[in-house]
Every structure is written in C-alpha cells, then in structure tokens.
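The following pair of complexes shares a single chain, subunit A, combined with subunit B in the former and subunit C in the latter.
And now, the complex of A and B:
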C-alpha cells in the first residue's frame, strides 16, 4: 500500500508537534522516522494509525483519503513501545483477539494465529502469558498480533527501545526479515540513528515537528541536508568546524585541508566525519590529547587549531597521548554548509 | 536476643501493649465468658462451666433468624454492590471533565455518619411521603410499607446497605482503573474490539485484584453489619425483629437482656465464621497469584 502524507500538521496549544509534513512511501518499503525525543515522530505515527487526529493535512493509503477514518477501519497493525499485550491472556489469546473481535470462528482464528506465530518464531510459546516471556519474545507476540489481521500497513513505535543492546541488533534484523517475508509497508519510529540506517529503505529525519530530510540511508549519510542531519547521523559524531575559503583553498585555523575547491571565498561552517581523515605525513599536524579504544577503531581526541576534532584510525596503529599525527581529509569528505546551515556541497 | 533486636522490640512495645489490652485480652475473655453459665459482668460470678450458653444460643429462634438474615444480607449486598460499583466507576472514569466532581459525590456516603444517612433513608423509605414510593408510583406500584412490615425490612436494609457500601468500592475501582495502561485500550481499539468486550476482556480482568480485595473486605464487613440496622430502624432490629443480624443479636443480648454469656457465645460463633471465610479467601487469592 502506498502512503502519501500531505501538509500533515498537529498542534497542541501553541506548539506544532508536527508541522506541514509531506511524505510519500512506496508499497512494501520500510521507512524509519528518526529524530530526538519530542521531534514529532511518534505523533506522526499515531496520526497514521488514526489514534491521533491531525489538526490539518491529509493522509492517503493508496488513493483513499483515510484522514477521517477511525483506526479500526484503517487496516493497520500497530506495535506499541511497551507492546501493550493483554497481560491476563495467553499468547494465543492475544494473537487471536483481533480476529475473534471481527467475528472469526475460534478454530480458524487459532490456525491463522499459529501461521503468523511461525513467521515471528513464537509458536512454541502459545500457551504462555506475556509475563512469562522475555522482552524480545513479547515484542514478537506484539508484531504477530499486529500482523494477524493481514493489515495493509504496519506501524511500530520505538520497537527496540525496551530491549538490551545485544537483543536490539538481533531484533532489528528480525523486523527486517519479517517485513520482507510479509511484504508489508512498514513505518517505525526510532531515536537511534544506527537502527534507522541499518534496516530502513528510507529514513525521514525530523526536528521540532519539521521534516528535515527523507532519503535512502547511504545517500543521507553522505549528503546530509543540513547540519542537524549531519550531526544526528553517525557515531562518533561528525566534527563541526569553521573553515575559511580563499582562492579555492580550504583552511581551518590556518591548517590547509583542501586545495582547488570550487567554492566562493568566505567563511563557512563545515562538517568532517571522524572516519573521513586519513593518516598523511604531509597533512595538518594534530596533537593527540586522549585515546578511546572502540574495537575495530581507535578514536583519537585531537585539536585542529583551537577546535576539538575526533579522528578514527585503525586500532592496530601505535600511537600515544601527546603524539603528533599528520592527517588529511578524503576527497569529497568536507561537508560545507551555508549560513542557514544548509548543505552547499562536498569538497 | 541481641541488643539491636531488643531495641527493635522496644519500639514495638506501645502497639503491642495496646493490642494486648484492647484486642487479645478481650478476645480471650469473651471466649472464657462464653463457657460460663449465668455469668455476671458486675461481680464476676457464674454458676457453671460448660456449653450452656451455646445450647441457649442455638435453641433461640432469634439467633437462627439472625444467622439467616446475615447470610441473605451478605449474599445480596456484596455482589450487587461490587457489580454496581464497577459500572459506576467505569462511567465516572469515562467522563473526563466531571470526574473529580462525581468522585467526590460518590464518596460522600463513606465519610458521612451512618446515623445521619439513616435518617435521610428513613425519610426516603417513608410509605406516605417517601421518594422511593413516589418513584414507584410513577410506574403504578402501590405504596410499600418499607419500614413497618416485617417482609420489607430486609429488602429495605439491603437497598440501603448496597448504596452505602458502593462509596468505598467505587473509590477502589477508580484507583484501579487509573493503573490500567492507556495503551491497552488503544491496542483494543486498533484490534476493533466491541465496547462490551473491552469491558469484559480488558477492564474487568485488569481490575481482578481490586475486585477480590473489595469482596473480601466487603464480606467481612457485611458479616459484622450492625450500624445500618441500628440507624435505619432507630435502634431496633426492624418490625418484629425481622432485620435481626448476628451483631445486632449480640448487642441485644448484652445490653438489653444482660445475658453476657450468650452474647459472648454469639461473638465466638461470628468470630469462627469470619475466620473460616478469611481462610478460604486467602487460599483462593493465594492460588491466583501463583
């Protein structure tokens, strides 16, 4: 089911929780709504579900305007952040509940519940209560309950936030697998950029109710629309520096970073990702003030002139605190922003 | 006993003394008293030791009637009050704007003196000018002699008691309703659950602990019913003792007939009934938790 959001707005008092949002989602896509808490991503999800009524704007499922259709008639499945499983019912009763509500016979409902339970791999827990399951298993039950009525759209609110780190990675792969297996248009809300990038077909980044960028993860990471997106994506975070351009030469605090850039003379804001640096004896010399071992990489805390800069190098590199390191920036890895913090280009 | 726990017991001492004086000692005395024939509370004298009082108790038709009345009272008041309170609590809870107002109104009976309430209800039950007979007359029902005829005394008492006990139950259920996560109702909505099914499959099971609690407290309280009888029938047990309950019987034997031993025997019987009930309920609720 294609989804189209037009001018969607939700106002609470004077606050625009969601501000004139436009978005199109193709059938079968997995879209991540990403942003810090309070950015309006959950509000958007709840408006898609119908539990929240928009102040303004339209939502289309396919060609049908569903803006004023109540949630029970929207053919959606919704998975809540805390799963909202019915605690006094068994897993099976939880999953058959929506079917029996729609008048399905118990025997058939059970069969269908078993089918979907196999997809999410919880068929051996059918007789248990939610409290007897782990967080990850409860999550699967919630997804099964959402999918059992064969909805056109699956909505997930912070599906992984209640899981521990290891389970989170496994579960997000599961969500991707289930989504591909059922071939259902899926929208999920997250504040975790890594989560969003790893499984989404496209990501919508929001800030203070306004959609910042809607892109394929890789494109978004390489070409963030503005400094907010650039800072929100990537861990460790991007380095924000000030640059001066004169005659095509980009320099920061007197350290030359690039020559021959086709950029008008002036002062700019720029972003360089920690992994965009490479060791180069002829490059700018940085003094290492601190080192963090992260496993695959060493994260070096250094200073470029007066600006703090984080640099990632391979973990087999022998380097100590106080050492000097010459670095250059990979081609097309300096992100330059204008005075409105919008991306001009990569240099 | 080490020094630390000695200090601990010292802190408990005041409440232990109070409990021993006002609960344990009277309990033991009552049990002893129930085995003393013709006991006099004034000079502490008695004629015999044995089951004389219990024989008198069980051969007294009034005590038999009080047992039956109390049983009818418990069986009618507790379930009816819980069912009605549950419905009212859900209604009050769904009315977001006037919730606080209704909550206060429905709680008033709990904080008002039973005697005062009794006077109001006596007026309501009045066969000539009462509100209840007036409402019934709209539906063509002849005036009922609520408080003057023996056959209507128990129904009047039960209606009065249900109304009065609802206050506490509504409070408990309203508190319980607050603890049900809003997301459960949202999920039910997404799952297109009919309203009645939301109530029976989500609200009621979520309130199960409160319902069990209310029925335990309500049942124990109902077995000890006395105030309601006293206030509704102005210190009597209804016309021709038709609304005699166990506690009223005990009171009557003690203060009006000066049969202290029989009164003590009656309270021991009531004690055993409540003890047995509590044990059963503890078993049932304990089993639920597992």
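And now, the complex of A and C:
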C-alpha cells in the first residue's frame, strides 16, 4: 500500500511536534523515521496509526484519505516499544485477540495465528505467557499480533530499544526478513542511525518536527542535506570544521586540504568524516593527542589548526600519543555547507 | 570468636521464633478458647482452675444454640446482604476505577478529589445522615436499607484506580488498534490483569459486611431481618448466662468467613505477573 503524507502537522500548545511534513512511501518499502528524542518521529507514527489526530494535513493510504478513519479501521498493525502484550493471556490468545475482536471463529483464528507464528518463528511458544519469553521472543509475538489481521501497513515504535546490543542486531535482521516475506509497507521509528541505515529502504530524518531529508541510506550518508543530517548519521561523528577557499584552494587554519575545487572564494562550514582521511606523508601533519581502539579501527584524536578532529585509521597501524601523522582527505569527501548549513557539494 | 558469633546467631534465631510463637498463641488463644468453651458443659465453664479442653465435647451445644434462636434465618440474611453489597461494590468500584484511570471527561480530577474527601468524614457522621435518608425513603426494616448504602466505597475506588493506573497506556492503545471497545478492554484486559487487587477488595468487603453490626442494628427491627451479628447480641441477652451456647453461636458466626477466606486466599496468592511488559 502506498502512503502519502501531505502537510501533516501536530501542535501541542505552542509547540509544533510535527511541522508541515510531506512524505510518500512506495508499496512494500521499509522506511525508518530517524531523529533525536522529541523530534516528532513517534508523533508522526501515531498519526499514521490514527491514535493521534493531526492538527492539520492529510494521510492517504493508496488513494484513500484515512485522516479521519479510526485506528481499528485503518488496516494497520502497530508494535509498541514495550510490546504491550496482554500479560494474563497466552501467546496464542495474544495473537488471536485482534481476530476474535473482529468476529472470527476461534478455530480459524488459531489457524491464522499459527501461520503467522511460523513466519516470526515462535510457533513452539504458543501456550506460554509473555513473562515466560525473552525480550526478543516477546518482540516477535508483538509483531505476529500486529501482522495476524493482514494489515496493509505495519508501524513499529522503537522496536529494538528494549533489547540488548547483540539481540538488537539479530532482531533488526529478523524485522527485515519478516517485512520482505510478508511484503508489507513498514514504517519504524528509531533514534539509532545505524539501525535505520542498515535495514531501511529509505530514511526520513527529522529534527524539531521538521523533515530534514528523505533518502536512500547510502545517498543520505554521502550527501547529507545539511549539517544536522551530516552530524546525526555516522559513528564516530563527522568532524565539523571551518574552511577558507581562495582560487580553488581549500584550507583549514592554513592546512591545505584540496586544490582546484570549483568553489567561490569565501569562508564556509565543512564536514569531513573520520574515515575520509587517509595517511599521506605529503598531507597536513597532525599531532595525535589521544587514541581509542575500537576493534577494526583506531580512532585518533588530533587537531587541524585549532579545531578538534577525529581520524580513523586501520587498527594494525603502529602509532603513539604525541606522534605526528600526515593525512589527506579522499577525493569528493569534503562536504561543504553554505551559511544556512545546507549542503553545497562534495569537494 | 567464630563460635561466639554462631551462638549469638542461634540465640537470635531462637528469640525470633519465641516471639513469633508468642504472637500466634496470643492471636489464636481466644479462638481456641471460644471453640473449647462452646463444647463445654456449664459446670466445666465455671470450673477453677479452668480446663483448656472439655472432658467430653458437648456437640449438642451447637444444636441447642441453633434451635434457641432463628440462626438459620440470620445466616440467610447475612449471606444475602454480604453477597449483594460485595457484588455492588465490585461493579461500582471496577467501573469508577476504570473511568478515573482511563477515560477523559470534564471535571475528572475534581470528582476524584471529592471522592477522596469523603474518606475524611468519620463513619459515625455518615451513619446519621444515611439513617435519615433511609427513614425518608421508608426503607426501615428491609434488605435494601442494609445493602444500598454500602454498594460503593470511595476507598476501594481509590485503591483500584491506583492499580488500574499502573497498567501502561500502550496496552489500551494496542487493544484499540485491535478493535477492542472500552468496555471490552475493561472486562478482558484490566479486570483479569488486576484480579489480585479485585479479589482483595472482595475479601475485605465480605469480612466487613459479615461483621457489620451498628448499621443493621439501626435499620432493622423485626427478627426476620436480623443479621448474625445482631442476632448473636440479642441471643446473648435472651439466653442470659448460657455462655456455652453463646460461644457455640459465635463459632457459627465466624466459621463461614474463615472458610471463605481460606478458599479465596489461593486466588490472592496466585496473582498476576506484569513481566510481559518492559520499559
């Protein structure tokens, strides 16, 4: 089911939780709503579900305007952050609950529940109570309960935030697998950029109620629309520096970073990701003030002129605190922003 | 040093049990005395020194007590009043607690505060005004006079509202998405999830209704309307000094409540775990 959001706005008092948001999602896509807490991503999700009424704007499922349709008639499946399983019911009763409420016969509801339980791989726990399951299993039960009524849209509110790190990675792959298997348009909310990038077809980044960028993960990572998106994506974070351009030469505090850039003379804000540097004897010489071992990489804390800069190098490199290291920036890896912090281009 | 500490531990342990045993003896002794007195002959009752147990249990005392006053009638009355007030209390408590915890209506906070404020009014004051109301309604000497004033309780409503408020809102929202009406949500989710609290309220109410004395005494006149507690007191004055019969009647009075408690206790302990929810 295609989804189209037009001018969607939700106002609480003087605060615009969601501000004139426009978004279209294609049938079968998995879209991540990403942003820091309080950015309006959950509010958007709850407006899509119908549990929150928009102040303004329209939501279309396919060609149908669903803005004023109550949640139970919207053909959505909703999974909550705390799973919201009914603790006094067995897994089977939890999954059949939406079907029986819709008037389905118990025997048929059980069959359908078993079918969907097989998809999420919990069919052997049907007679257990939610409290007898692990966090990941409870999560699957919640997804099964959301999917059993064969909804057109699946909405997930921070589906992974209650799981521990290892389980989180496994479960997000599961979500992707289930989504592909059921072929359902899915929107999930997260504040974890890695999570959003790894499984989404497209990501919508939000800040203070305003949609910042809506893009395919790789494109968004390489071409962030503005400094906010550039800073929000990527771990370790991007380096924010100030650059001067004169006659096509880009320099930061006197260190020349690029020659022959087709950029008008002036002072700009720029971003360079830690992994965009490479070791180059002829490059700018930076003094290493601190080192963090992260496993695959070494994260070096250095200074480019007066600005703190983090540089990622391969972890087998032998280097100590106080050593000097010559680095250059890979081609097209300097992100340059204008005075409104909007991306001009990569140089 | 080590053995000293060991001895100290043993002494502490012994002391603990001595206190616990003393406590239980103090609590149980009156009951034991009541039961044993109900089985004694009049001579054994006044015997010095008193014997803890009668030589030959006088089971006939029960028969005599039962026949000396219409206890069967009293028992039926008490059961009717207890069942009706408890059913009424459960219905009003669950409905109000659900409204206060989940529904939004204008003046909710004010109404809830007023409910709480009634808890500050001494029971005796309520008895006077309730009595006047019952007189005006001409309900004196009827079941409804004993039942209607007690079918709702601000305290139980407050208690259950607190329990209901602990149920996360996401369960309600999930149920809503699953096409579950407010009423159905209350019956199928809220009530079973708070079974424990509701059983506790039922038990507290059964006990207080069973033991109610002053109010039934005020609003009933005829023997047909008497409940056990009043009947027992009347019997005491009527039977005069037959202490063994009074004790037998007392045993008849408390036995059902003890049986009910033992039966429901299982459900209270069973409880409902909320661990199906995280965060």
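Just so it is clear, the second predicted complex is superposed on the first by the 347 of 347 C-alpha atoms of A that agree within 3 Å, B and C clash if a C-alpha of one lies under 4 Å from a C-alpha of the other, contacts with A are read in each partner's own complex, and residues count from 1 in each chain.
Quick note on the criterion: contacts are C-beta pairs under 8 Å (C-beta built on N, C-alpha and C of every residue); 3 or more make two chains touch, one makes a residue touch a chain.
Every value quoted in this text rests on a predicted model; they were computed, and no experiment measured them.
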Superposition on subunit A - do subunit B and subunit C clash or fit: clash
Which of subunit B and subunit C A:76 touches, first, second, both or neither: both
Contacts of A:309 with subunit B and subunit C, given as first, second, both or neither: neither
Contacts of A:66 with subunit B and subunit C, given as first, second, both or neither: neither
Which superposed partner A:30 touches (first subunit B, second subunit C, both, neither): neither
Partner chain in contact with A:160 - subunit B first, subunit C second, else both or neither: neither
Broader residue contact with subunit A after superposition on the shared chain, subunit B or subunit C: C
Contacts of A:187 with subunit B and subunit C, given as first, second, both or neither: neither
Subunit B versus subunit C as contact partner of A:98, first or second or both or neither: both
Touching partner for A:88 - first (subunit B), second (subunit C), both, neither: both
Where subunit A meets both subunit C and subunit B, residue numbers: 49, 51, 71-72, 76-78, 80-82, 84, 86-88, 97-98, 101-102, 145, 149
Of subunit A, residues touching subunit B in the complex: 49, 51, 71-73, 76-78, 80-82, 84, 86-89, 97-98, 101-102, 145-146, 149
Subunit C contact footprint on subunit A (complex, rising order): 49-51, 71-72, 76-78, 80-88, 97-98, 101-102, 129-131, 135, 138, 145, 149, 161-162
Subunit A contact footprint on subunit C (complex, rising order): 168, 170-171, 173-180, 184, 189, 192-193, 195, 272-279
Subunit B residues touching subunit A - in the complex, by the definition given at the top: 181, 183-184, 186-187, 189-194, 197, 201-202, 205-206, 208
